[in-house]
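Right, one structure below, let's go through it.
As written, the chains take the letters A, B, C and D, and residue 1 is the first residue of each chain.
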Amino acid sequence: MKKIINKAEDFVDEMIDGILRAHPDHLRCVEGDKRCLVTAQKRTNKVGIVTGGGSGHLPLFLGYIGEGMLDGCAVGGVFQSPSASQILSVTKSIGCEAGVLYLYGNYSGDVMNFDMASEMAEMQGMQTVTVTGNDDVASSSSDRKETRRGVAGIFFLYKAAGAAAALGMNLNDVTRIAIKAKESTRTIGVALSPCIVPELGRPSFTLGDNEMEIGMGIHGEPGIRRSSLKCADDIVQEMLDPVIADLPFEKNDEVAVLVNGLGATSKEELYIIYRKVSMILSGKGIKVYHTYVGEFATSMEMAGASVSLCRVDDELRRCLAYPVNSPFFSQKQM
Amino acid sequence: MEKIVKEDLPALFYKFKNAMSENRGFLIDLDSKVGDSDLGLTMDKAFSAAAASVAENRSDAIGEIFMEAGMAMAQSAPSTMGTLIATGFMRGGKVLEGIDSITTSKMSDFWQAFLVGIEERGKAKPGDKTVIDVLGPVVKSLQNSVANGLALPVAMDASLIAAKQGLEDTKNMIARHGKAACFGDTNIGHQDAGATVAVLLIESVNEFVLRAKE
Amino acid sequence: MKKIINKAEDFVDEMIDGILRAHPDHLRCVEGDKRCLVTAQKRTNKVGIVTGGGSGHLPLFLGYIGEGMLDGCAVGGVFQSPSASQILSVTKSIGCEAGVLYLYGNYSGDVMNFDMASEMAEMQGMQTVTVTGNDDVASSSSDRKETRRGVAGIFFLYKAAGAAAALGMNLNDVTRIAIKAKESTRTIGVALSPCIVPELGRPSFTLGDNEMEIGMGIHGEPGIRRSSLKCADDIVQEMLDPVIADLPFEKNDEVAVLVNGLGATSKEELYIIYRKVSMILSGKGIKVYHTYVGEFATSMEMAGASVSLCRVDDELRRCLAYPVNSPFFSQKQM
Amino acid sequence: MEKIVKEDLPALFYKFKNAMSENRGFLIDLDSKVGDSDLGLTMDKAFSAAAASVAENRSDAIGEIFMEAGMAMAQSAPSTMGTLIATGFMRGGKVLEGIDSITTSKMSDFWQAFLVGIEERGKAKPGDKTVIDVLGPVVKSLQNSVANGLALPVAMDASLIAAKQGLEDTKNMIARHGKAACFGDTNIGHQDAGATVAVLLIESVNEFVLRAKE
């Protein structure tokens, strides 16, 4: 296991310690629990947005805490949910008086813990609403959408809901926009190599020297098709076909695109991927509103990438255009 | 041993903890086939925390001791199974409120509440290839034992047989929940990892009441 | 070679094509040569800053073109210099009337081509000044500083000089500030795995399964010490000792820190590295002004990281605080 | 062949190009030991571009043809060696201005200008383990041949011997420039990669004037 770490069991806490040391103006932890993170620029007169999930996916999830995006995040162990009480403690700490949106990826551990937190929050008089990301088209057929996994496309949900909240919308509208972003977003990934959970010390799945898997999940969940490694253009074609067919994205639609690296794949490759995405979209008469390329949701040091499309209307465009300032992602007003 | 009393709990939870740490690698392997390999880690953590909580607990109320053990698990290993098992212990502890000892009948109530808690939290149905497919048969067996007036060791013995059969049955099921679900019918043939944890728990209780009797 | 690419010989041009498609509001190419890139937001009434260098280091070098940083970049093949005529064509295209600063890393191919470009520019009546980055303390002893390689620390030179130019300073002052940043910056790297130049199809150097090399250059140039892989805290200590001793950085100094991933190393690991950097600096009474963590200068898919320190005074602080808006890096006014 | 004329240039550059593509792997290996392995790629590209430029060049002036070949190399492979060799051809072309054929004396002038161009651009000294350590002896040998009134084939033969000796001598040198410099004395024993390219060039000219004579 070739990683720059200390003891495997300290991986998550030392990582967060590093983040808190690096970004003291942006992030605070709640009552000494470093896994409960909130923005250092508290704004209580708005809808709060709280997320959470397992570690190993930076900048997911805590990286999107910041002006124009999220207010707090509960951080779990590698690929593990945070606890309900941690989620509750983040919820209480952000002190948002206009209600709180729980926005996270659709994984059973997270769902149960957020549900428990939300029951506890309600008992303490706080209103919460839940929207989960389930953008991975490879994880279930389209008639079982609600069981799909959430992957990198949750970025668009954060971006849209975060802007809506920052613009002063109420809990209903923020929720409505999060749901609209969710229903407009589809993602697919491709994996070229596994990753190693430090406490396990070995990959939890394997991929042959010359293999790739289309649709593999960010924890190594199986995808649609395993095959020998193809050229970039063929890979992208195989990825986009099911994505475009699923919503479906159609001629004259306008989309925001996210090309996301899973960890070990270089930015050079991500742009070679985007080149083909751009050619396919323009071939179908689908316009591109804005393009994000980089690491937005990783799997430790896994090699591979994902492509997400989010169909935009005027309202989503306005939300995507809104500025963001977080240590992991920042954007000027577009 | 006809009943479990407050003083027995530290030893019982120590047994749970040992069962999990001994089976750490085995659970990792099971979860690695159709999951993310963490089950051995999380169960080890969860039951270490639970055992520590029980060992330190100064309460006189059995129910409270179980509930706090459940809360400790929920804090320390909030994975899918960690959260479900924690819920089970909290709900099970609740039905033990106000009693001093666990007889066959209370044991039956405990696991039923445990099961219902997991069903409500996880929304899985029997046959979905989960921990429920062991707990369901266990509860049914314990209820039979209560109806037949069987003593605790005998009842636990019977419930272990039911648990093992339940686990065996999971081999032919297709997982509908959690990370295993996306493996579709490729996970036929494998026993469910979470269900295996349930068997380990019943086995531990069984051994505890048997050995204590000797 | 497990990469998402098409033909190896198209790697660079397809990558740039993807970048131009992704960021049409930010970047333009000059007269159809995609390897000659300039900002789409031309500002001619200021000092221009032009950089250049080999491909394979994204976001270096072209990624820093944008408001508050650079005006143009000539892009070479993988690990190869751009040509003098490409540099010249970028220089002409940005049209900066207050003179042009050539700011790039100290590698012989680049030096010769920038020198040739600058001779040609002068013949055509354009004034240029050259400053090269040579921050890598592992590449030569401190009495032969001028032969040191330039690595990730050039980010601070770009940031400082870019802000100075954007603030309207003249060529002398922009140059002075670039030199001040250069003289205040030191870097060291550690490599855990090699990278593959697509046209070669195999790694140009090797590292054993359990080996690391302190001080290795971003093209695999040899470093100070090869050893078995150590724990993060020990690696960071070994890295920082020669960096701190070199300037030297001393008690009550204030520094900006850059923890840079070389490609395959996860952000989680970079923050575990920063944690120890922060502990070492505070142990020595060195204050941290600002921390950058991420991929700022990569080597394709190499695993490893570098740490740069830049000692700041009021002038450099003001420059680092200045906002930047580029597709690869953006920052609010601090 | 006592002299090289304009019509010979396409064939001569074709020979250069072949020498580089045949030695592509060898140059990559040499550069991989103490560099970044790209020399085989860049020389192959540079001389492909040069050969294409010469083949298409409609100019009557020998000097111009060489200069444009140099410019083509500078465009297509601006690595350290690519840039230096391009500079060499441009500077060498310059001293051939106004002549129709290359005799021993012009050949000597050509390589001297080639060498000086590289020295000025790269600022390396003899003994620094670079291409200069082959070109220096070549120029000296050619100047001797001019003094002794030797014909071109004989002069080239002698210069190749000098070139090879120069290359051999680089084995005991420590590199002071480029990526090799940071390998310190660990590169003792290896012949310099750039110097090898110079030998390939002289060898090609030599073969060209010999074979053409036969």
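Everything that follows uses one rule, which is that a contact is a pair of C-beta atoms (placed from the backbone, for glycine too) under 8 Å apart; a residue touches a chain by one contact, two chains touch by 3 or more.
Because the structure is a prediction, the values reported are computed rather than measured.
*Asks:* Need the most distant chain from chain D, centre defined as the mean of C-alpha atoms.
*Replies:* Following the centroid criterion, the farthest chain would be B.
*Asks:* Between chain B and chain D, what is the gap in Å from one C-alpha centre to the other?
*Replies:* Distance between chain centres, rounded to whole Å: 79 Å.
*Asks:* Between chain B and chain C, tell me the centre distance in angstrom, where each centre is the average of that chain's C-alpha atoms.
*Replies:* Chain B and chain C have C-alpha centres separated by 56 Å.
*Asks:* With chain centres taken as the means of their Cα atoms, state the distance from chain A to chain C in Å.
*Replies:* 29
*Asks:* Spell out, as numbers or ranges, the residues of chain C touching 2 or more other chains.
*Replies:* In chain C, no residue touches two or more other chains.
*Asks:* Note the residues in chain D that touch 2 or more other chains, in rising order.
*Replies:* Expected reply: no residues.
*Asks:* Using the contact definition from the top, classify how the chains connect: line, ring, star, complete or other.
*Replies:* Line.
*Asks:* Looking at the whole structure, which two-chain pairs count as touching?
*Replies:* Pairs flagged as touching, ordered by label: A-B, A-C, C-D.
*Asks:* Chain A touches which residues of chain C in the complex?
*Replies:* That would be residues 2-7, 11, 14-19, 21-23, 55-56, 58-59, 190, 192-193, 209-210, 229, 231-233, 235, 259, 263-275, 278, 291, 293-295, 298, 300-301, 303, 305, 325, 327-328, 330-332 of chain C.
*Asks:* So in the complex, the part of chain A that touches chain B is made up of which residues?
*Replies:* 76-86, 107-109, 112-113, 115-116, 139-140, 147, 149, 197, 199-200, 204-205, 217, 219-222
*Asks:* Given the complex with chain C, which residues does chain D contribute to the contact?
*Replies:* 28, 32, 36-38, 41-42, 74-75, 77-80, 82-84, 87, 121-122, 177-179, 181-183, 186
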